[in-house]
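Before any comments, here is the structure.
All chains are identified by letter, namely A, B and C, in their written order; residue positions are counted from 1 within each chain.
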Amino acid sequence: MFLRKSIIATSGLFLCLFLIVHLSANFILLLPEEVAREAYNGYSTTLRESPVIKVVAYALYASIFFHVLYGIIVTYKNRKAKPHRYVVNRSQENSTWTSQNMGLIGMFILLFIVVHLANFWARVKLGIGAPVGLDSAGNVDVYEVTYSLFQNIYFVLFYTLLMIPLGWHLDHGLKSAFKTLGFYHKKGLAVVSKISLIYATIMSVGFGIIPLVVYFK
Amino acid sequence: MLNAKVPEGKIEEKWRNYQAQSRLVNPANKKKLKVIVVGSGLAGAGAAATLAELGYDISCFCYQDSARRAHSVAAQGGVNAAKNYQHDGDSVWRMFYDTLKGGDFRSREANVYRLAELSAPLIDHFTQQGVPFAREYGGVLVNRSFGGVQVERTFYARGQTGQQLLLAAYSQLNKMIRARKVEMFTRHEMLDLVVIDGKAKGIIARDLQSGKIRRFAADAVVLATGGYSRVFRLSTLAIGCNGSALWKAHKRGAFFASPSFTQIHPTALPQSSEAQSKLTLMSESLRNDGRIWVPKTKGDTRKANDIPEEERDYYLERRYPSFGNLAPRDIASRAAKERIDAGYGIGRLKNAVYLDFKHAIERFGMETVNDRYGNLFTMYKKITGIDAYTEPMQISPAAHFSMGGLWVDYELMTTIPGLYAVGECNFSDHGANRLGANSLLQASVDGYFILPNTINNYLAQALKEEHETTEHPEFSKVEQEVKEHIDHILAVNGCKTVDHFHRELGKVMWQECAMSRNKSGLQKAIGQIKKIREDFWTEVNVTGHSNELNTELEKALRLADFIELGILMCTDALDREESCGAHFREEYQTEDGEAVRVDDKYAFVSAWEYSNGDFKLHKEPLDFEFIQPSVRSYK
Amino acid sequence: MKVTFQIWRQDGPTDKGRLKDYEVDGLTEDMSFLEALDHLNELLVLKNEKVIAYEYDCREGICGQCGIFINGRAHGPHANMTTCQLHMRSFNDGDTIVVEPWRAQAFPVVKDLIVDRSALDRIIEQGGYISAKTGTAPEANSIPIGKDVADKAMDAAACIGCGACVATCKNASAALFTSAKINHLNSLPQGKPEQHRRVLEMTKQMAYEGFGHCTFTGACEVECPEGISIVNIAELNARILKARLLG
């Protein structure tokens, strides 16, 4: 039991760290196009070619995989532990909706990740779909991939709206991860709880506004 | 003539002498001996766990869904011990004297001394078992004082001392369940005792979940079934508490001692409606810092906070200046009843008095009061919706502890060889009134320390005899009787509920056999209860079957026994023409309403024998060798 | 006052069970919720019907035997309260009150509103004690215990074992119950010698009984009559880690 939850928590925390790096880089997209294109493509090329990042990338795939796998296993087991539901259940009076529905929210995020990987990773790394050109500096023009994607209002909405469940998931997930891994300092936990909310808000809003900014650029 | 088997010697040496002379059972032989323990409270669980540790084969029974529910859990205030940690002049002797005096000199000296003697090691024991007793910042144990004494010898774990002690006993019991030395039967209720050749050899119990009647054989039976104050219906006891095991044992030959000695607790929450099922106790420890009062004017309708200081009657402080609000329970209850009966009662039904913390909050500050009583205040608010920090609590006397119970000798054995009674269900230590925080003590000491040292003396003999099995014809005979009894109740098919009769019984008992009693009232009560019994057996309706979980049937079986027990209680109260402790006969009082004890005629324990529906009195004379009974004054 | 109870009736573990409506008049605000059910049962007896089975014992919030899911909440609409402490003044005249048994795989329904919570006893059986025999104790004051330590142990030890934490948890996790007992004993010097074994065996039994994982919804600490903090579960996790590494 403890092992399963620890895997979810550890992988989740790793993904949280990753999101910080990911968002920081994505803020490049908010810059004016002439600066942004070069910087963004340069950055993504550096990432693709660094051996350190390769290792990190595998850790990332593993984290996503185990986070999802154990998320599903734990949700399944938890449902089995409660086979009969109450006819009336006012769980909203004793807990948040988010905390009651992490599995469901996780499904939305998984859906997002699949689409997101198909949009970028599959095109840039696997070469599936329309070929990606090079920019003036000779780097793969990932900026163009992003820019063209966010000309489509449906993708903009998809990318923006799904950042809402991401925020919920991160808020509950981050503070829970600390408790799961045995952090039990009472005042510390109150701080963690606040940090989780701030972190989740930054991630959710940060990732959420980028498609909109790009769309209206 | 009843032989209490009190050992020879000076009072300080009796228990040591006993242990030195008692027969023992070889460790290898202990596992061949089976002991049944009925009840899983402090006395029962403590006895079951300790006997199992010694090596005996134990079966333990409780009617609840878990051993952890037993009503020891509800004791709030604390447990007394003569540790003298406070350096305030306490000693085993003083505790012995306080307890004997608190019981108005109607208990057996040797037993009471042993209780005081074993109190100190009990605190060591529970500390070792992980009870989180209250501590000073320096890490040592804290004490507080309780009614009827002038030293601080009460150990406590917030307002949940009983819970913490019980959970320690429950834990230890579980340890032995895991070791497969105790087999636990939850949701099993003992319905009769099996006596073979004059010795207790087993019980008949009903599996409350399936309704099945089951036989259990053993070499000895220990009853630890608690008090029977639910005979009053409204009491501080758990709803399931009952006197059936005692009553069945009584009918099989065990003498019932001082059945009418019932403690009425002064600080319970008042009754507010006819439908009420329970009177919640507020710990007596509240009287340490709370002050009890009623308005000086009859029928004052003002709110408590609107009544100025000079118009309040702090009647306990007025009548008993040296003990004040810490007067013993019987005295505090009677004083409350006196004020309420005189028309000074407060609350909606004018049946309560105030318990006020205003002065304590002014003196010690909110924080200290909260630290000491916080959970009791929370509990009060949950039940009444009133904040006791800002307005006084309303309290009222309620039936509480049974000092009476099965008669036991120094070894805690009843008059049936092989049948023991421990904890509240025996009569032994409290005389006519129990001091606060002595009941957790007695239950624990009986179960942990005394019984495991005395039962060997009997079992050493039992080892040489044949072990009876449930195949013995006596088992089938008793089982048949139990089944017929159940079928009889189910067959009445009348038009009234069990609770209806329980309310009727409770009213009679509360009216005539509670805080004050008199001859004509008791005589009338016996007639009334007999009528209730007759009506019960012709008009009660118990729906459902016997072979299923049937809570209504459980209640009916318990009530049938309560009704008969009520008759015995009134008979006992009628017979004892004196006032002592909780037993206050109106005919025997001084001009200012204090009790008058009649030592030359009633310095004995009344032990009643059941004989064909009637009761025969036996007397165990109380010879006070070491202490001279005095007039019990708390003025 | 008059209310309509919708009460779960189930004859036995194998019966399917259903909600049944009971309109009850003549209740007063002073009545406790259980007294209202008592009243209903008396009416049923007078109509020659089988009574509703529900559990209770002390009726003062300490024994932990009562436990009903009332209008979508464990022990009714208030936080930190037992069923027996709930009074009818918490409802309005004309209300419909839905009354269900605790739900969890590990708490099978016995009858109507009664469930079998012996799984909690079996968790305690695996180590919720200090292995010291009667008669082996040293002088109580020979091992000083700081007030803060004793207070913290007491906070956890206050658990009444009612199972509301399991009932309200969407995962039917018994983590709050188990952590309370472990933290009580492991924080005291007397409990230290077998601390790791206690942690490992009690949590193993908890999983074996079919309770779910804790996902920190926090519902348990709201419904816990003793207000036992969910931080206990975090502390338990730290103890598990420690026990796995050192035990």
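Here, a residue touches a chain if its C-beta (ideal position, glycine included) is under 8 Å from a C-beta of that chain, and two chains touch if they have at least 3 such contacts.
Keep in mind that this is a model prediction, so the values were computed, not measured.
**Q** Per-chain C-alpha centres versus the global one: which chain is nearest?
**A** C
**Q** Taking each chain's centre as the mean of its C-alpha atoms, which one ends up farthest from the centre of chain C?
**A** In terms of C-alpha centroids, the chain at the greatest distance from chain C is A.
**Q** Measuring from the mean C-alpha position of chain A to the mean C-alpha position of chain C, what distance in angstrom results?
**A** Measuring from centre to centre gives 38 Å for this pair.
**Q** Could you work out how far the Cα centre of chain A sits from that of chain B, in whole Å?
**A** About 63 Å, centre to centre.
**Q** Please tell me the distance, in whole Å, between the geometric centres of chain B and chain C computed from their C-alpha atoms.
**A** Result: the chain centres lie 26 Å from each other.
**Q** Using the touch definition from the top, list the residues of chain B that touch chain C in their complex.
**A** Of all residues in chain B, those touching chain C are 46, 49-50, 53, 64-71, 73-74, 83, 85, 121, 123-125, 127-130, 132-141, 157-158, 160, 162-164, 167, 170-172, 174-175, 177-178, 184, 186, 209, 236, 238-240, 272-273, 275-278, 280-281, 379, 382-383, 385, 448-449, 452, 495, 497-500, 541-544, 548-552.
**Q** Which residues of chain C touch chain B in the complex?
**A** Residue positions touching the partner: 12, 28, 30-32, 34-35, 38-39, 41-42, 44-46, 48-51, 53-65, 78, 81, 85, 87, 89, 110-111, 114, 116-118, 120-121, 124-126, 128-141, 143-147, 149-151, 153-154, 157-158, 160-161, 184-185, 188, 190-191.
**Q** Which stretch or stretches of chain A touch chain C in the complex?
**A** Contact set of chain A toward chain C: 1-2, 4-5, 74, 77-78, 80-91, 93-96, 99-100, 102, 172, 175-176, 178-184, 186, 189.
**Q** In their shared complex, at which residues does chain C touch chain A?
**A** That would be residues 6, 8, 19, 69, 71-73, 77, 79, 98, 100, 103-106, 168-173, 203, 206-207, 210-219, 222-223, 229-235, 237-241, 244 of chain C.
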